[in-house]
Each structure stands twice: as C-alpha cells, then as structure tokens.
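Chain naming follows the written order as A, B and C, and within any one chain the residues start at number 1.
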Amino acid sequence: MSAEGTLRLIWFVTWFNVRMLLASEFFILLTFISPLIFATLAFFLFRSGGGTAGQTLLYVALGAGMMGVWSTTLFGCGGAIAWQRWEGTLELLVNAPTRYDFILVGQTFGAVVFGFYGIVATLAWGVVLFGMPLQATYPLILPLSLLAAIVSLGSLGMLIATTFVLYRHANALGNLLEYPIWLIAGLLVPVATLPFWVQPISWLLAPTWGMEAIRGAAIGAEPPILAIAMCFALAVVYYVAARVTLVFVLAKARRDATLSLQ
Amino acid sequence: MTALAAPISRIAPDTLRSAWRVFWYGGRMSYGMLFNWARPSIYIPTLIGGPTFQLFFFAALGSYATDRSAAYFAIGNAVQVSALAGVFGMTMAIANERWFGTLPALLATPANRVALFAGRFMPFVLHGLLVSLYAFGLGVVFLGVRLAPGSLAVAGMALLVTVFSCTAIGALQGAVSLRLRDGLFGANLVTMSILLFCGVNIPLDELPGWMQVVGNLLPFTHGLEAVRQAAAGAGLDEVGGLIAIEVVVGIAYAVLAFALFSYLERSARRNATLDIR
Amino acid sequence: MRSPVAGAPAIEAIDLVRTYNTHIGVIRRRPISVEAVRGISFEVHPGELFGLLGPNGAGKTTTIKMLITLLLPTSGTARVMGFDVVRDTTAVRQRIGYVFGGDRGLYDRVSGMDNLRYFAELYGVEPSEQKRRIAALLELVGLTGREHEKVEGYSRGMRQRLHIARGLLHDPEVIFMDEPSIGLDPVGARELRQTVRSLVDAGKTVLLTTHYMFEADALCDRIAVINAGRIVALGTGADLKDAIADRTIVEIETFGVTDEAVERLRGDDEVNAVNMEEREQSQILLVQSDRGAHITQRLLSLLGDTRVGKVVAREPTLEDAYVHLIATTGDDEAHAARAASVQLG
C-alpha cells in the first residue's frame, strides 16, 4: 500500500473510532465528566491546603484532564480490543488484507485524540466556573508538548492494545490500571513525593513525561525539553515493543485459535 | 409422557412465599452464575485491586494537598468501597442477564421482579461489605487508621446502614439502566458524585453551599459521618441520629426505586428495550 | 380474576400493531419509525399446532413477544387462554411457556440442572415437586445423565432441548416457540419436531415461528404466512398449495444464463415470478405463470441464445406457494428479491 493510501487509511480509522467513542455514553462520561469531577475534588483539596488560586487551578485542570486522557487511552485502546472480541469482529480485522497494525494505529490514536478533547473540557471548566486565567509560560513550546504527549500516549496505547488482543481477560485487569497510573505518573501528586522504588517506574511511563511536557510549557519555570525528548524516545520504544508483541501475538493466536473466544 | 401428565401444584406468584423463594433460592443459585465475565481467579483480583489502589491514591493525594492525615482519607474511601458495590450491584445484575440473553426468559415468568433482582444483586452487596472490611484492614496496617476499642459494633452498624441506602440508590439507578444502552454510565456517575459530594475526601463544610445540599440529599453522607465518629470512639447515643437519617434516606430511595422500576418495566415493554445490550 | 370462556380460542390476536421509534445518526439524531407489525389477526384453537411462517424481518418474533407479554402492542388486543396480555400479565405468564432458539438464553457457567431449578423457582413450582418434574422433563427431552454438566459445554442441540425443558417446567397450557430449530443439524431438528408433535398430542397448544417452510408444512395443523408485518395467507398446508394449484411451475435448466435473459423473462406479462437456483454448472429457473405449460415456447424464445437443458412442467409445492406469496406481497423490490431466494431448509 502506498504511503498516501496508508495515511488515508489511518486517518479514516482514527475518525471512525472517534465517532464510535462519541456514541458511547460510557466514554462521554469517562473523557468529559469524570475529569471534571476529579478536577473539582482536587481543586477543593488543594485549596484547603492553601494553594494559590491561579497556579493551583491550572495545575489541577491539566492534571485532572490528563487523568481523563489516561482513562480514555486505557479503555479506548485496551477496551476497544475487548469490545471487538465480544462483537466477534476481532478475528475479521486481524485477518483483513490491510496490515492490522495500521488499523491499530488508527484506533489507538483515535482514542488518544478523543481523550485530549477532555483536557479542553477541563480547561473550559476552570475558566467558566472558577475564572481560571489561561496562560502559558512557554506558549510556543506548548503545541510541541501536546504533540509529544499524543504521540507517546498513542504508542503506549498500541502496546496496551496488542497485549490485550491475546489475553482474554485483560479488560478486567486493565480496569485496575487507572488509579495506580494516575498516582505513579505524578499527575496530581509529584513523582518526587512517591517512594523511591516507585520513581523508576514513573520514568518509564508516557503519561509522566507527557504531563511534564505540557505542564512545563504551561506553568513551568523552565522549558520542558527533557520531557519532550523523553516522550518521543519512549514513543519509539513502545512502538517497537508493540510491533514485536503483535507479531508474536498474531502467531500465537493463529496457533491457539483464541481470537474468537469470549 | 405419563410422568409429565401428572398435575403439578404451583405457588401463586403474588404471594409473599413466592417472593421469598425467588429472592432467597434464586439469589443463592445466582451465586454460581455470578462469575460470568471472568473466573474467580480474575474476579477476585478485580474486586480487591480496585479498592486497594483507590485507597492509596486518595491517601497520597489527600495528605499531599492538605494537612489531614492519611487515615482520614482511608476511612472515607474504605466505606465508599462498599457503597460502590451497592450502587453497581443492580446494574451488574441486569448486565449479567443481558450478557446471557436471559432477560426475555426471566421476564416471561410470573416471578416477582423485585424479589428476582434483589436476589441477583445480593452477592455483589455481600462482596462489597467484605471488601470494605479488607480496605479498613489496609488502612489500619498502612495508613494509620485507628479504631477506638469497643467502636466496632457501632461502626459496623453505620456501615451496614450505609450499604443499604447505597443499594437503594443503586436500585434506582439500575431501574434507569433498563432504558439506557450503557448501564454503567449512571452507576459510575453516582459513585463519582459520592466521591465528591459526600465527605469521602473533603468535609462537607469546606464545599460551597449548593454542593452541601447535594451531599445531604445523597445517601452515604450521614452514614459515613457516623462511621468516622464511631471509629473515633463515639457511642450509639451520639451517632444514633446520623444513622437514623441515613435509614430514612435509604427508605426514600428504595420507594422511588420501586416506583420507577414498575413504571420502567412497563415502559420497557412499550419500547422494546429489554434485549438491547 | 376472570376465568376463560369454555370453547374460547387458546390464543387470539386482534389487529395487533407494533411500531418502533428509533434514531439514526450519532450527532444529529433523526427519529425514524419502523412498523414491524401492521395489523395481525388470527386465532389458535386449544390443542392446535399453529405456525407463523415468514422470512427474516417479517415480524414473527415481534408478534410472539407481544403475545407473551414482553412487548406492549402499539395498538390492538391479544388474549391467551382468555386473559388479556396487557391487563392480566401475571395470569398469562403463569400459563405460557416460552422457548426460543439460538445460542443465548441460558446460564452457561452452571449446570443444566441448576438452570432448571432456578426457573422452577421463578415459575413457582412447589419445591416438593420440582425434583420429580425436572426428572420427567429431562427424560422427555433426552438430557437425562447430562444435567449436571455446565451448559457452556452443551451442543446446540442440547441447549435447545434444555430450552424446551425450561419452557415446560410449570406445565403451561400454551407453549410459544420462536424459531426453535434454528442452527440445529437435521437429526436434531427432526428430534425437535417429534418432541413438539408429542406435546400437541398430549393436549398442549403450540405456536411456532419459523422461516423453514417445509418444517411448517410437516408439523403444523394450520399456518399463517407473515410478510412485512402482515398476514398474507392463513390456512392448512393443503389450503395454501391449493391457492396456486393452477399455477404450474416450469423448470428450465440453463447453462450460463445472463441476468438480462432472466430479466426478460420477469418482464414478460404472462410471467408472475422467476426464481433461480444455482447449481454447480447450471442454473435452474423456476418460472411461475398462470398459463402453465403453454408458456414454455415463449419462455424458450425469450431466453434466446442461452443454452438450455431439461425443461419440466410440474405441480407447485408449498415452497412455490410461499415464494409466490412473499414475492407478491413484499414492500419493495429488494425485499421481494431477498424473500424469493428463501432457504430450502
């Protein structure tokens, strides 16, 4: 398939998935409403602890928004596979003429992009309800930060998706990854305050660096160059891991005939 | 066919005895049907893992952001866990039926619907209570929760009452989920609202006025306050009032749930929403 | 509570109508209205085996669901054993059994016995009699000895038999079966038919929906043919065949017939319907017309250069009657074309 054809396919699949997600009340809740509730919760917590209004609001809004992005990534990528398995379409897709990893890229990026709508909603929440000032310390770097975050989360989403393809009960266990990642990635509680043995795990996660990149450009004291670099570096690592896993997973699936099982 | 030709006697469906049997024996048997999505080896980690992580998340966030001890957040979230089970129980029971496609078969029987679904979600409530106890254990071991001696009975009573009233709102939500394609939406919304409005992580008096009103109208708030005070050593005479309020709130939601359930079942028959996943 | 009038029909449907309101589109949702059932009336006598026959989407399942109180009719009345399905739901539910085909509807992770025990409770069978009743039913459907295995391990045929046992637990007077033989292999389907026949012989009333025409012909005392939400024919199998008895079918074996040629046949004034069956090397055209065998020359000339093999003129079967009915009563071309290629069973 030509490069243009590939891009067009990925674009199509991405938007197809965004539409499917928009049609799901569950994802509307997850991506838009849930971050708002957590943002409100976090805001009141920080305020009672004496944080300054402006900085706190933006910090909280971005952190909570990112929490929503992670949930959407987790459920959208991992859950999408489980849903396909349930619907019986997984087998068809994996065996389709188009390379499955292209479909996968479209799916995962669809979920991640959709998740970022959630950040927009959370920011709007802050502005409308609390009069939060929208500012960025490094406005020119911000788009780059966003791109870096999207790319690395999308790649992580691919890895999640490929792992979920084979493991039948991954969806149930995947649900468990919401709270821990929120904590470990330092979205609201700084990584530095976590136990020392947790921190290396944090540094391996896309959400951690994605958050750092965005936060750094918005309210940081210095430009988040390291964070952006780590985002792209991790993206490559995840993507390679996802491709390797996919090859292995597809071979095993064909051998064990588990793709169609519930 | 001769054995079949013998007449059989039946219990009239509108009687208490029929409702009891449907509830109790149906509920017992539904225990085995419980593990539909996953084997116990998956279900149990899911049951325990979620609350564990939630506990540590809020303990960390809360103690970082405020001056309050981790124990405060631990108690709030430990109680919220069993509330979760109450709220989700009914939705899960209905989702169970949708998964197996048995709703049409069930609803074609003359069995009392309340008894039927109550029996189906009881296992979830039971599990919720057990997990709550586990979460309290975690709180005691890792997060500095201290239960005053002799407070177990009162705290336990407050917990039970809270679970009851959350089950009532769960039933109300479950009735609504008969209509919605995605029953989890409402259940998640209710649980998250409880997280925000009911004093789990933020005391009510630190919330704006309208949020306090919401919190007081929701179940769970008074029960949790009773548990907190009991854990600190208050006796039944001091928290009795709170427990009573929680009971009243629970009954109010139960009545609403029953009314809505009856109405919605009829409406579901009108709109053919029973088989929709 | 009213008691049924002696001699009254077991099942009565009077002008049943059922409309669904739904939406299409995601962001801009447009409401649309689907008329699934458009005025169905029929009666089933006690002890009768009555068939509702029609293609997929004709409204059979919707009709049955209205009769068993799962759906409210948009308008019209229905009564089972004299009890109104809308007002006397509990009375109706006590007296009916509901059996449906397909993969779902049972609790997979527990045993067949557990499934039956559960539904016995729901139907209010006296606890002291449950054991005996279940044992007798297992015997009837041929599942004795397999009842303690988990349902997830049952074959399709076994599931179907368990469905039937489940529907009979409370000794209902009227049994509704919705496409019970779907997905069953021929042996399983035949056993099912025997079981159904024996139920009727024992005095039960059975209403069966199916899209297998020959099954309706073989089993049912009377058949109602449903298409696009309406009954288009009602009577015994013999009655339905008589309706097109004068319509001889001309069967023409062709090799490589083109679509244009078939269309030429269809377009002819004297031709009512043309059905085509694909064989490996050839196609069999089944041509229905009022003129019967006299039309053969004309057909052959319309076919032009098409290579033709055997040509036979024969009496219509029930399948031909069915195809004719569906083709001439469909909503639109597409529906008629779909219906015209109905399963041979």
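Simple rule for what comes next: contacts are C-beta pairs under 8 Å (C-beta built on N, C-alpha and C of every residue); 3 or more make two chains touch, one makes a residue touch a chain.
Every value quoted in this text rests on a predicted model; they were computed, and no experiment measured them.
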Centre-most chain [mean C-alpha coordinates]: B
Chain located farthest away, centre of subunit C as origin (C-alpha): A
Most extensive contact between chains (C-beta pair count): B-C
Between subunit B and subunit A, distance of the C-alpha-averaged centres to the nearest whole Å: 30
Approximate Å spacing (C-alpha centroids) for the pair subunit A, subunit C: 49
Interchain centroid distance [CA atoms averaged], subunit B/subunit C, Å: 43
In the complex with subunit B, residue positions of subunit A that touch it: 24-26, 28-30, 33-34, 37, 40-42, 44-46, 48-49, 51, 169, 172-173, 175-176, 178-180, 182-183, 188-190, 193-194
List of subunit B residues in touch with subunit A within their complex: 37-39, 42-43, 45-46, 49-50, 53-54, 56-57, 60-62, 64-67, 180-182, 184-185, 188-189, 192-193, 195-196, 201-202, 206-207
Complex contact set, residues of subunit C against subunit B: 20-21, 62, 65, 68-72, 90, 93-94, 96, 98, 100, 102-110, 114, 117-119, 121-127, 129, 132-133, 135-137, 139-140, 166, 168, 170-171, 198, 202
In the complex with subunit C, residue positions of subunit B that touch it: 1, 3-14, 18, 21-22, 25-26, 29-30, 32-33, 35-36, 100-102, 104-111, 116, 266, 269-272, 274
